[in-house]
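Both of the next two complexes hold chain A, though its partner changes from chain B to chain C.
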Partner chain A sequence: MKDIALTEDQRDCLQELINVAMGRASDKLARYLQTFVHLQVPYIELIDSQALPERFAENYAEEGVSLVSQGFYGERGILGESLLIYKSHDAHGIAEILGYEPDDISEVEQLTDISSILTTTFLNGLAEQIDNQLAYSAPRIVSSVDTPLEQHLEQLSFNWDLALKVDISYQVTDYSFNCDMVLLIPGEAIVNIQAVLDQILDEF
Partner chain B sequence: MQLSDIHSLILQRINSGVLIVDADINLVYFNRFMESHSQLKSEDVIGQSLFDTFPDAPEKWLKRKIQSVLMLNSPAFSSWEQRQYVFRMRHARPVTTSSEFMAQDITFIPVCNQQSNEVEQVCIVIDDVTDVFFYQEKLKDTLAKLEQVSRMDGLTQVANRRFWEERFKIEFASAVRHQNPLSLIMFDMDKFKQVNDIYGHQGGDLVLVEATRLVQSMLRKEDLLGRYGGEEFGLILPNTGGKGALELAERIRKAFQVHPMKFKEHVIHATMSVGVCELDNNFKKYEDLVTRADLALYQSKRDGRNRTTLYRK
Partner chain C sequence: MSIPVLICDDSALARKQVKKSLPAEWDVEVQFATNGKEALDILRNQQIGVTFLDLTMPEIDGVAVLEANHAEKLVDFIIVVSADIQPEMQKRVIELGALAFIQKPVNTTKLKEILQQYGLL
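This part shows the complex of A and B:
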């Protein structure tokens, strides 16, 4: 499994699909949330499972971070996990963004709700383009300010070596809210994504 | 059997609640699981508002949730961990679990019009996770008990040395930072070996249990008694100066010497020697208090036992 690599064409194709999905997501979110959601240009890489805890530690070392995970799976062996990462000082006003009264909803539920909305709107946009139907597991809080992220990840032993990793940052400037989305498509599923990308490239 | 018949059979028999609402949040489908657990009849609720059917449900939150499914064409979720239940219903294990209402994991699924691909309805699937909820609560209780046990001395039920030292460290730091008084009393049973030799270890154990019970009854809530080792105990007294600590130590010592302990056909009389030390500006760590209270305690032993000594520089 270690010798998987994305060709330049595959990477460009994926980048293009993601850009379009981001545009669609941004549009839908703006209508539902009635505020503009800015998505930053994604970063795509293949990452070794052993390097993952360290990479998270680098990016989110000093601050209190909450992480919400949501699994997704579709046809033709497409599956993965979407991780939404919130630095505690960035995750403001989620209840207001979602249109809830702060009393309606606990802090944890605010995180799972906004995570699910960001993940599913983006991934549905991606799935539409590759003619796929995705289903989702319920969003779960993996780590919160009390249980550090890298500590959690270090305790896991992954059953995959390599994952396709896509980083996207979300900003809601009206509410000074930021968060990061990390899509991880592990192991075999990378090959399945590659097959889908090759098919699109062939038809082009 | 037709496939559509099989589908409706499954929907009726499945062990999950399935209900469907239209864009105005009126009910268009209500499966048998919902009927039995809510004790409502399908024909009475179809066409009715979801909120009239479940008046206890959190209306504003649910509306926004359903709206997100309709507008974004994507699923939404609710977990028992954040909301034990949304639709108040009985569950199927009233005998062997303790919660009154069904704990629920809920999925809101968009249902699209085949032609226009617009979301027209929302399907709400309710999973009964009362079991999960119940076992999670039990786990929480067990963990709390374990934590309690890991802090206590098994015999005397006062703090064990590890927990006592942990707390002492915190009390010491806080007293130094806020310039508050802090004192330590160390006490040790007199001629404990003799007690063990005469009455056996069970007799000795009884003395330790009785002594700690007596001391415990004379303390404030913030004081912490711990078993330091063998027959030696430490008593942390926050916000207490040397004078106050010495007074308490004497009260304890005097109360104990007139505290007869019944053991089988015997009555055991025992005494304790006590050392007291108060926090001084020169102390760098909590151990400095322990060493000095110990010195005072040994002074009490040398002076003939059953007495209290306040450490003086």
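This part shows the complex of A and C:
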């Protein structure tokens, strides 16, 4: 399992599929928040399960974060986990963006709403392009104040040594609201997605 | 005589997708650019009939190419082909002189309609 590697063509193909899915998710978010989302080129890497908690700790060391984690699984052995990560500062800002009074709706509900828009639009966009149907598990919300992120990552319900990790950043320009989407496609599912990518590459 | 066409996208797959979706009967000579900088070099030094331009690219992005094209009046026909489908972005590229906006992945029929609409086909 450790000797899996993406070819340059596979990486390019995956990145383009991600771009299209990310574009649709950004469009939905922009319409929901009535603002503009700045798109960046996504980052793709293969990561060792051992290194993942450490990588998260590095990226989100400074502040508390809230994380919305949702599993997905489809045909042909495509599965994984989508993580949306909000720094506390941004999580607090959502109510203001949406024009809620502090007591109108809980922060958890707001995060769930936004996460649902981003995750389902993104994953449906991805599924459509690879001619697949995805099902989703119920989203779980983890606050780093209550549960260390490392613990959540270790508890994710798949056994894997290696995962394909995709980092996507959604930046709302006029409100300085950011959130990161991390897609983890673990173990055998990497080989399965490689087969799907090769099939698309053969068409062009 | 063939029309010189430029396809600019950082993704090899996207470049091939656009090329493949050009109408078979359209007599063109296709060149590729893999980023905004390469595209501007070509647009400044060659006669290009129609340019297909991606937006989200590293370093010089598609919006910057449109801005430079607008300022330097390089070419008339730029068709944006992008995954960034936000209404504000579509409005912005049209204001910067793009002929049309096509969302990714490219729809062959839509592309043909646009080419016919502007008398390019």
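Please note the rule applied: the second predicted complex is superposed on the first by the 176 of 204 C-alpha atoms of A that agree within 3 Å, B and C clash if a C-alpha of one lies under 4 Å from a C-alpha of the other, contacts with A are read in each partner's own complex, and residues count from 1 in each chain.
We adopt the following convention: a contact is a pair of C-beta atoms (placed from the backbone, for glycine too) under 8 Å apart; a residue touches a chain by one contact, two chains touch by 3 or more.
None of these values were measured; they are calculated from a predicted model.
**Student:** Should A:Ala51 be classified as contacting the first partner (chain B), the second (chain C), both, or neither?
**Tutor:** neither
**Student:** So in the superposed three-chain picture, is A:Phe204 touching just chain B, just chain C, both, or none of them (first/second/both/neither)?
**Tutor:** A:Phe204 sits against chain C, while chain B stays out of touch.
**Student:** Where does A:Ser26 make contact in the superposed view: on chain B (first), on chain C (second), on both, or on neither?
**Tutor:** It touches chain C, and chain B stays clear.
**Student:** Could you say whether A:Gln15 touches chain B, chain C, both of them, or neither, answering first, second, both or neither?
**Tutor:** A:Gln15 contacts chain C only, not chain B.
**Student:** If we overlay the two complexes on their shared chain A, which of chain B and chain C does A:Ala195 touch? Say first, second, both or neither.
**Tutor:** Touch partners of A:Ala195: none, neither chain B nor chain C.
**Student:** Which partner does A:Leu156 reach: the first (chain B), the second (chain C), both, or neither?
**Tutor:** neither
**Student:** Quick one: classify A:Val37 as touching chain B (first), chain C (second), both or neither.
**Tutor:** Touch status of A:Val37: second partner only.
**Student:** Looking at chain A, which of its residues have contacts with both chain B and chain C?
**Tutor:** 31
**Student:** Residue numbers of chain A touching chain B in their complex, please.
**Tutor:** Result: residues 28-29, 31-32, 98-101, 104-106, 108-109, 112-113, 116-117, 120-121, 124, 135-136, 138-140 of chain A touch chain B.
**Student:** Please output the residues of chain A touching chain C within their complex, sorted ascending.
**Tutor:** The touching residues are 9, 12-13, 15-16, 19-20, 22-24, 26-27, 30-31, 36-37, 39-41, 129, 200-201, 204.
**Student:** Would you pull the chain C residues touching chain A in the complex into a rising list?
**Tutor:** Listed in rising order, the residues are 10-14, 16-17, 20, 55-58, 82-89, 103-105.
**Student:** Report the residues of chain B in contact with chain A in the complex, numbered from low to high.
**Tutor:** Chain B residues touching chain A: 58, 60-61, 64-65, 67-68, 71-77, 79, 81-83, 105, 107.
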